[in-house]
């Protein structure tokens, strides 16, 4: 399941809903990304996440479907926020539930790695020196590439 | 931080406490293990986790310290329950917060893999055919071994 | 043809969304970029380094040789930085 | 010397915890196991397959050649299955 929203989310509520009543779930791995107050040694007062409505949902659906194709998941969830957020606020949640922990871990890691380079979001940071668009990181492309299997 | 307890835990409360006010945290990875209602094709009505009080805390402290030595973590948490639990109940929580997601993922995965073979807990399952102690799995030993660096 | 610009591409072109009617000789994304660049210094600047420009046609990532038609939605943006 | 048994080791020996005074010739875990096995069929059974028995001295995992003394806490248990 995927969701794109401006509002914050409650982790426990989301994960409870994800696994509710499913007693075949042995493990749930989740990752929450949040706003840091530093970037490249400079203070960040806040940041704004812009996205491409329509394409965002489409890409997240594709990423989620790919994870479910590759691993035996009982449930999965991607929630990504957009808009203005301050340090400490939650940006994104990815979670995977599986009978076995390895699948839950790998699929969850895969979701965030793919999302980082395939979901159309852009961060504008408010630094002391002014507002600046965040540059894509080489390491994110590498992290995505490690999940390539030749069929991706 | 580590905790061994009979009581259930609330994920959101625990993770909020873990990251409270720390704006250098960019990501929190968590894993929750829960009771499945099937084992080896048989229905499991409940299970009881026995442990070795004293040694449990000691081993969990060691595992937690090792994770913090290997990865740049801002915070980490292990909560492991003991006693009787029914399908769907939470058994264990491991969580790692770091400035970067790779460290959060790897350290969290490490914690649960090491815990599986190094923390003195034993599961007694209540199956239709009677109560039976769970056998250790080869795959858990393999999962632990993959984190060996020669200095472990 | 609907064109969308995001992040600093929107800043440089000065617009987020527009409807354009490029000449019939424009049949792929590269051709569209070449044509858009003729429309002013802001566009020239936005497309000056294609290494940092990504494109999507009808909300799917594409390469510059992707064919396009009058009813397509084409978006330009820098490499994504979400998550 | 304090001895602890967990999981099915406790079931087979019939006890969870005991204080014992093995002869002075018992100086390591292997020697202790050999001596404990002489104390009855339950103990003989519990230690019959050492491949599935793990030991800890003073709450640290040890191998069978670990030395032990009168004030040590020695625990026996199957491979762990928590998490």
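Chains here go by letter, A, B, C and D, matching the order in which they are written, and residues are numbered from 1 within each.
Following the convention adopted for this analysis, contacts are C-beta pairs under 8 Å (C-beta built on N, C-alpha and C of every residue); 3 or more make two chains touch, one makes a residue touch a chain.
Note that the structure is predicted; figures quoted are calculated from it, not measured.
Chain centres here are Cα means. That of chain B falls 49 Å from that of chain C. A straight line joining the Cα centres of chain B and chain D is 26 Å long. Distance from the chain A centre to the chain B centre is 23 Å, each centre being the mean of its Cα atoms.
Counting only residues that touch two or more partner chains, chain B has 33, 101, 112. Across the assembly, chain D contributes no residue in contact with two or more other chains.
Taken together, the touching pairs link the chains end to end in a line with two free ends. Under the contact rule defined at the top, the touching pairs of chains are A-B, A-C, B-D. Chain C contributes residues 4, 6-8, 56, 59-61, 75, 77-83 to its touches with chain A in the complex.
Taken in their complex, chain A has these residues touching chain B: 10-13, 15, 19, 21-38, 87-88, 99, 101-102, 104-105, 108-109, 112, 143.
Of all the residues in chain A, the ones that touch chain C in their complex are 33, 49-52, 54-55, 58-59, 80, 91-92, 112, 115-124, 133-137, 140.
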